[in-house]
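Each of the next two complexes has subunit A plus one more chain, namely subunit B in the first and subunit C in the second.
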Partner chain A sequence: MIVRQFGVRQSRQLLALSRRAPVSARFLSTETAVETPVTSSPESSVPSINSPLESGSTQSKQSLTESEQRWRKWEASKNAFHKLGSTTKDSYEPVPLSASEITLEHLLAAGTHMGHSTSRWNPQNSRYIFGIREGVHIISLDVTAAYLRRAAKVVEEVAARGGIILFAGTRKGQKRSVVGAAHLAKGYHIFERWIPGSLTNGEQILGHCETKVVNAFDEELPEFKNDLQDRPVVKPDLVVVLNPLENVVLLHECGLNNVPTIGIIDTDADPTRVTYPIPANDDSLRSTDLIAGVLGRAGQAGQNRRLQDAKDGKFSYQPVSADWLRLDPFTGMPLEAEQQKKK
Partner chain B sequence: MARHAPNGIVQAMQLLRLQGTPYRRVIPSLRPTARFYATETEPQTPSTEALPEQTAEPQLEVRPAPEINFAKFQQRPARIVPASRAYFSGNPRFIDHVLNLEHLQQKYASLPQVPAGEAPRMAWFKLAQFRDFVGEAVPVKKYRSLLKLLQQLNRIEPGIAPQEVRTAISVFLRPGNPYAKEHTPREVDENGCARAKGKRKTSTAVVQLVEGEGEVLVNGRSIVDVFPRVDDREKALWALRSTERIDKYNVWVRVHGGGSTGQAEAITLAIGRALMLHEPGLKPVLRKAGAITVDARRVERKKPGHVKARKMPTWVKR
Partner chain C sequence: MGKINLTALRVRETALKQFASGKIKRLPQWVDVVGDVPPPEALIRKPPIQHQLVRQRMKTIPGSSQPQTVFEVQEKRRKPKKASRMFQPVELRYEEDELRQEFFRDHPWELARPRVLVEPTKNRFQHDWSRMKQPGKRLDGESVVQRQLWLLNNVPDMTKSAAYDIARREFYRLRLQEDIERRIAAEEAEATGAQFGPSMLEVGMELENKQYELWKDWAKNEAQILNQKFASLSGAPELANENDEKEPVKSFESVEPEELN
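Showing the complex of A and B:
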């Protein structure tokens, strides 16, 4: 009986009532009810740490609006109590896993094993399929892990040789992982529609997009800026597609241009459309995020290797030469102005 | 299941792989020539700096590798790469802007915001201006989504908004500040003359109203000449008649465009507005009399497939 009444006293509904609840105010506030001789307020004594706001802190208090004052007070109290309490260890940091860290448990937790309804399957995927559960195909995870590691190796080696890696994921919600993977691997991203013809008719579609000449350390060399006009557009050296079903045109263009592709192949997709399939669930964002993260990390490792080589004064790829850049892109001959200079 | 303990052979291979050079040297003649990365040029002679060539005669003494001139190495072009990570999307600069704004929005999501109506009014680029600004054909829908982002960032409490956000936003502002000039209410000028404009259909009337004895001149002629119909005359002077001030003001009108009805009703509106400048207290009366209510209807355009604006051709069996 007593316990029940205690519960009633603590209930939120009771607190929400407009009448004065018979709950002691002491339990609801952190302020001390008794006047203490210490008069310094926490706002003035505590300098704001980790505050994103550097500007505007010098303003006088009168000029601040009410909500600003409330915000500053909250910030001050946050900073004051920041160090109190327990210390958190082993907190979850959302850093993508690398290929060597990936386990089958990770793949299972991300739901990469879920295929499609058995009626929608593509029989070419039979070698990736573990079995059927409740009318849904289950992809075998050991195969997924093996293919994922192979794809990661491909990404790493292409990155280490200075290749251009394009990450494409055009479904809703894939934007973040695509951009993140491209950022890690120093690659390029597409999260909206692939414009058909960007590879086969690149002059028209990507002709206006800027390119730059970089040295081995990826620093721009502005002196070659004028030599970049009328060059053919840049083509990717490897394309990673998170949803190959919707990007058939992209894959077709890659095939026409001899660009190798990596794709997440669900049980209803055609695995022959991509060069390096990764049999996995492409409908779950968790699954595609995991795979994009792994490939991004692999690209990062490759880029680090390449930059390390550059520090040692080595190229891991055939660099363009300054003389070749100076040639006329149409004729392959020295430009007329330079010829006249020589005369 | 995931990681077996590697057996002897696997271990040995892993050791070899770890200790060996990261890139296996391939004999140049065996190197596949069919596929090159876009950044590669034609296979030329191996670069002398990176890989010092071995001379044909066998040398037993160990030569140190030539020193790398890093200043020269840094000047050397290596690759042609896209300037933006969104290169393959076709509008890379636009997407870079969007990603930057989204990043800011996420970073400062916890800052307090003012209601949408109280945010400082900003003159963002018009679509055409924005297209010039980024140099890309940005679709309307995508630009609207960018504007939405800008408006949300603009709603951060003005006193708190970080400098980073303010500079990022100000890039998208139109030059000058169209909202800076304040609206000045019109007044009767020093000669006691009130000017006002009125429009109806395709007619436009400009009226100058002064205190006087009730003389009316339309385009320099008397109102009876211009509007032979009594109805039109009554309409034109309706603002003065309904307030019983026909004999208290002189009206001088210039009107052009349209026909007699349009001109007469344009004059009504113009006189009503001018009268309000002289006597602001008459506004409710004029409003009730319909003298200062704008009739914004215009002739609807003709459409293809229609006979007129909406009329469809008659159905014919064949």
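Showing the complex of A and C:
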């Protein structure tokens, strides 16, 4: 059904290709309506084979409205002068850095060392703290770099095994970096609220969501569509949380479902909440952006490695067989319908 | 599990146990990853890094002709730390802090000057403080602090106050030079036809004058209203005039036009 609609839409567009684009009567709402010079059908506007070329060109010149002529004039002047003026060089373009490119200077510039006021500290973080400055705990940058590299390695390896990675950052302004990291790592993202129970009560909350079976090259296999019904919801293999303080429920559900987690641990957060803590400042967007970018790049490297291995016919993970997919999700036995067929 | 929850740190063990007991049919893909890259140890305290205030000085030592560099470390606390404070982080202290505090206590308006917040990528802190003026850095309070520190570190037998005086004198001279340069530039520009318009003070005076005029109108009106009120209350016009003469408003109204105009 969908395929047919797709075809119709495409063919309609193909039909429209030879047609002249509609010109609105008025370009501004304040202008008075002027009668458009060309209102004839598309067949008549196309010059016939017999008519000479000149007649076609004169008609097109007449058909230009005043604003169109102004536009042409502006474009002509732009083309005449576009080589003048200055050119910008060495402009700043933020690109997510990979874990191997990260230096302490980057971390310092991003302000990852700034902790919280000393009165708000969690003593479990004492091993990550370098000292006190102006009543604020300073996180040790070399520790941050080491833990960040460790977390990046985990993200890369999980991505290389085709694991499902979920990036969660629910603070204001983290949306862009979270989506960017998930896009790089071919993972999933949450930038709004984590709905409590999405893991523990997934059938109710995420039951209507679509799932698909893909092959080693990430191409969808639609023939397994029916086998995916009545399956438990998909659980992530790794969860990256940029603000663990606000996502305690998510981390608790990950604990209940035995999912490893990575989190940015500020000096007031509990480091035992996550499997792989990254001691850093979670209040600065620049800091969380840097860390999310590094983890996203690591995920990208892992995904690329997995696809390359798949081309060479190698698997760094245990592939799922078609028979296993057709087992009953609750009993682990062949489905009743198939058993009856065999009989 | 009590107060400390180690579930997150033991995901691999849990997964292996669940697989062994048959709760899960397949091991998760991440099991060997977490085995290869194990979670870091948590909750283990380390003795905190002890930061000490180190002062670098050039001193002439009796018996040797050449002055030598000496590092003075702040002496240890006489009273040992409480056992409960053993693992608390230590304050970071640098010699510049005292110098900075002293300078800005004496020159609080230096903090009101505009600052450049652009971050350079290279040569960020590479300045040679053997001289006050630095290429690519605006002269400010930090220059004085750094210059004073350089003097303390490199000049033999330098005291804090002497270094402060030297750095300050250089700073004042440069500030004066900046003022003169700015004034001459404005004069040159005016001589070649530039017009700067009214100064900030003039603009401010204009605004103030405008407010005075508004107040004058308002006061005249108020005085008139008060006059009429008193006249209507007393009934007798003579009495009203007498009252009016005693009223400060009346007197103000009668005096005001000559005085203010």
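Keep this in mind: the second predicted complex is superposed on the first by the 237 of 343 C-alpha atoms of A that agree within 3 Å, B and C clash if a C-alpha of one lies under 4 Å from a C-alpha of the other, contacts with A are read in each partner's own complex, and residues count from 1 in each chain.
FYI, contacts are C-beta pairs under 8 Å (C-beta built on N, C-alpha and C of every residue); 3 or more make two chains touch, one makes a residue touch a chain.
The structure presented is a predicted model; accordingly, all values stated were derived computationally and were not measured.
Asker: Touch check for A:E219: first (subunit B), second (subunit C), both, or neither?
Answerer: The first partner, subunit B, only.
Asker: Counting residues of subunit A touched by each partner, does subunit B or subunit C come out ahead?
Answerer: For subunit A, the partner with the higher number of touched residues is B.
Asker: Regarding the shared-chain residue A:R231, is it in contact with subunit B (first), subunit C (second), both, or neither?
Answerer: first
Asker: Which partner chains sit in contact with A:V136 here, subunit B, subunit C, both or neither? Use first/second/both/neither.
Answerer: neither
Asker: Just subunit B (first), just subunit C (second), both, or neither: which does A:A80 touch?
Answerer: The answer is neither, since A:A80 touches no partner chain.
Asker: Which of the two partners, first being subunit B and second being subunit C, lies in contact with A:L307: first, second, both, or neither?
Answerer: Once the two structures are laid over each other on A, A:L307 reaches no partner at all.
Asker: Applying the document's definition of touch, where does A:S321 land relative to subunit B and subunit C: first, second, both, or neither?
Answerer: First partner only.
Asker: Which partner does A:N258 contact after superposing on A: first (subunit B), second (subunit C), both, neither?
Answerer: A:N258 sits against subunit B and subunit C alike.
Asker: With the two complexes superposed on chain A, say which partner A:G162 touches: subunit B (first), subunit C (second), both, or neither.
Answerer: Once the two structures are laid over each other on A, A:G162 reaches both partners.
Asker: Starting from the residues of subunit A touching subunit B, keep only those that also touch subunit C in the other complex, and list them.
Answerer: 158, 161-163, 237, 258, 317-318
Asker: Can you list the subunit A residues touching subunit C in their complex?
Answerer: 109, 118, 123-124, 126-127, 129-133, 137-138, 147, 150, 153-154, 157-158, 161-163, 237-238, 251, 254-256, 258-261, 271-277, 317-318, 332
Asker: Please output the residues of subunit A touching subunit B within their complex, sorted ascending.
Answerer: So the residues of subunit A in touch with subunit B come to 52-56, 59, 63-65, 67-68, 70-71, 103-105, 142, 145, 158, 160-164, 166, 179, 182-183, 187-192, 194-195, 198, 205-206, 208-219, 221, 224, 228, 231, 234-237, 258, 305, 312-322, 324-325.
Asker: Taking the complex as given, what residues does subunit C use to touch subunit A?
Answerer: The touching residues are 4-9, 11, 14-15, 18, 25-26, 28-30, 33-34, 36-37, 39-40, 42-46, 48-49, 51, 87-92, 119.
Asker: Using the touch rule from the top, collect the residues of subunit B that touch subunit A in their complex.
Answerer: 1-3, 22-23, 34-41, 43-44, 47, 49-50, 68, 70, 73-90, 92, 95, 99, 107-108, 111-112, 114, 135-136, 157, 159-160, 162-163
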